[in-house]
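Each remark here refers to the structure printed beneath this line.
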Amino acid sequence: MTQERWQQLVQWPLLGAATIFLVDYAWKVLADVQGEPGLILTFVLEAAWSVFLLDYLMNLVLAPQHWLWFRTHLFDLLVVVLPVLRSLRLLRLVTALSVFPRSPGTAVRSRVGIYVTTATVLLVFLASLAVLDAERRAPGANITSFGNALWWTFVTIATVGYGDFTPVTIEGRLIAVALMLGGIALVGVVTATLASWIVDRVAELTRDQGAGK
Amino acid sequence: MTQERWQQLVQWPLLGAATIFLVDYAWKVLADVQGEPGLILTFVLEAAWSVFLLDYLMNLVLAPQHWLWFRTHLFDLLVVVLPVLRSLRLLRLVTALSVFPRSPGTAVRSRVGIYVTTATVLLVFLASLAVLDAERRAPGANITSFGNALWWTFVTIATVGYGDFTPVTIEGRLIAVALMLGGIALVGVVTATLASWIVDRVAELTRDQGAGK
Amino acid sequence: MTQERWQQLVQWPLLGAATIFLVDYAWKVLADVQGEPGLILTFVLEAAWSVFLLDYLMNLVLAPQHWLWFRTHLFDLLVVVLPVLRSLRLLRLVTALSVFPRSPGTAVRSRVGIYVTTATVLLVFLASLAVLDAERRAPGANITSFGNALWWTFVTIATVGYGDFTPVTIEGRLIAVALMLGGIALVGVVTATLASWIVDRVAELTRDQGAGK
Amino acid sequence: MTQERWQQLVQWPLLGAATIFLVDYAWKVLADVQGEPGLILTFVLEAAWSVFLLDYLMNLVLAPQHWLWFRTHLFDLLVVVLPVLRSLRLLRLVTALSVFPRSPGTAVRSRVGIYVTTATVLLVFLASLAVLDAERRAPGANITSFGNALWWTFVTIATVGYGDFTPVTIEGRLIAVALMLGGIALVGVVTATLASWIVDRVAELTRDQGAGK
């Protein structure tokens, strides 16, 4: 079997696994499911995760040059380790709502805008679930409700950092570091998109003035 | 009636409604008007808001392609939901103070600068009113005077976030999230404008050196 | 007398007034001078300030078109209101250490870098003095030594905002807002300069590859 | 001896000194080595540092124009004063993992990305060690374990600044200021790299459309 054949085959199963992962995780954390039902939800979560792991390993095996594929797909490795990122596959559904490309600049910027907005919403939602899951029962923790977890996530990703809620567990702090990186990337993408827009506007105006002479 | 005819017709009424909205809201919150006078001010506020709603619906109905207009005017929908944004209509008055466009780059950057400054001032003022309105009587809240609300707004929009004042109500936190988004956009616009200026300066110097040879 | 003649005439007196302003203010605040010696230092401070005011008024009077000069020199008005900015005149001494312009891009970026570094150092120093002066004797204030004032200034301009020290007076908070604006501008200038450098590096590499073929 | 000959000669000794510096410092701080073993580690640390100092002085002496070399190598002076930066020499090992340069833009951005990632990791690790070393025994300090020091470093470099941990010593605060500058540079580099990528993507799409016509 070729790598391309495999990728075509698993496209929909991966999207399904991502959706199951998201719904299952949200359910488990929000309803604070414990005991036997909790074990079942954890099992489904791990099953969905194993689909991503299988896909990564199959891609590595089927690639013509294993080492080259490994080096050029470090992000895919990260996705296996942090299944939160895999939910970004759901972005494909969003981009189906294709945009109105008046110019190449507008097309690129619209696409970037849609990706960033959706990725930010997913990241905020999943990080809120994860931090609540990590902190909820920790001694001395103050992030103990989903409302506060969501509020803390926004305060962190915007790099505001009031400090009214802070994680105390190692898991919670790792999520915080991921959110901070996300926040830096978010500021970067917003700024870069605006810079590209201003540069285009200036170029357009220069062209119009040249034509008007 | 065509859509253009409608837009010409409502231009001034909308500007009036935005002004009434701003003054009425500031009065209600700053003077902490309650009882019957408070109800009257709330009624006027809602009347001003209904003008924006009517304008949105009329535009949707009069547009030749309803769905296309809806998709390309998502910002207008946001404006109806968050009337704070409608005050940005007042920007039109500011841009009447037209600038001195020495070059297309300067013209675009001056225009961006004026818009951003005015929008930031309006956003800071309205968010301070809104957060004071939301937090004032909440148990455990510390944003209870306009001075502190204004200070908190600046600390939040600059993404500094000391944490000496923090919102505790859901309304207050939604305003905070809007301010954070505003802050990210503000940093982005300032940086993008500066980048455009530096790129232009370098290009200018390169041209001068080429001509001097 | 023409405006140019006036500007030539006052160039050195203004630089002197800026230096006196800086030294006098630092002395007054750091040594916490009070009583009669404090009054003398305040008098000298106001004398130095009046030189800036006189220069502004003379420029306005001598300008061929008063209103045009006023509109295009809003920054100079700000400088009169906030004499802190006038210390930026000292930047002229720094730029005498002229740089090594290998290319127009490097020349512009070096110049921007030197200006930004010097302006940031001056802003941090003067804001620390000003906030200490404003907060020192305020009830409930915690910025009561120059060391803490300097630490708070860095935390604010970098938009970190720990919240271990926060201003409580209106003057202190106005200085904080000025620092936040300075911080946003600082991030903007650093980013824009780096962006210009990366764009130049890419263009250079593209050119080299083209020539190598 | 020429300057080039010297630089070739010391290339590997400097890399060795940087590695010894890093390992020795981490060992001393993490194991909290005191008494006689602590003195030995401090001695080795200072020996490694003196290699950097010697290299700087030799370069200054061997340079054909001393003053020109001094002026154009201010960063090297900083490296001698702050040996933390010298660890950045280890970056050379990383860049040996050379990348896959599809286009000049991708090549520059990959290189910038690798440098920034490695420099950030080194900076975070060394700053955590340094702040722990400075604060550990200070009265009233709360950064007293490596876990908390690492968490504080991330919170500071991302300019989030919760304020749950803050330095109280002058050394700790100097490290904080260095981290803040690092954070501003980090945001700047990420944004600039993204901006360069978006500009390239737009240019590429414009070219493709032009060719398609």
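Letters are used for the chains, namely A, B, C and D, taken in the order the chains are written, and counting of residues starts over at 1 for each.
Assume a contact is a pair of C-beta atoms (placed from the backbone, for glycine too) under 8 Å apart; a residue touches a chain by one contact, two chains touch by 3 or more.
In UniProt terms, the chains line up like this: A, B, C, D = Potassium channel family protein.
Here the structure is a predicted model, which is why all the values come from computation and not from measurement.
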Copy-to-copy rotation for chain B and chain C - C-alpha atoms, rounded to a multiple of 5°: 90
Copies chain A and chain D touch via same or different residues, half shared test: different
Chain whose average C-alpha position is farthest from chain B's own: D
Geometric centre distance via CA averages, chain D-chain A, whole Å: 29
Geometric centre distance via CA averages, chain D-chain B, whole Å: 41
Residue numbers of chain D (touch at least two other chains): 159-163, 187, 191-193, 195, 199
Contacting residues of chain B [partner chain C, same complex]: 100, 147, 151, 154-155, 158-164, 186-187, 190-195, 197-199, 201-202, 205-206, 209
Chain A partner contacts - residues on chain C that touch it in the complex: 159-163, 191, 195
Chain D to chain C touching residues, read off their complex: 71-72, 104-105, 107-109, 112, 156, 159-163, 166, 170, 173, 176-177, 180-181, 183-185, 187-189, 191-193, 195-196, 199-200
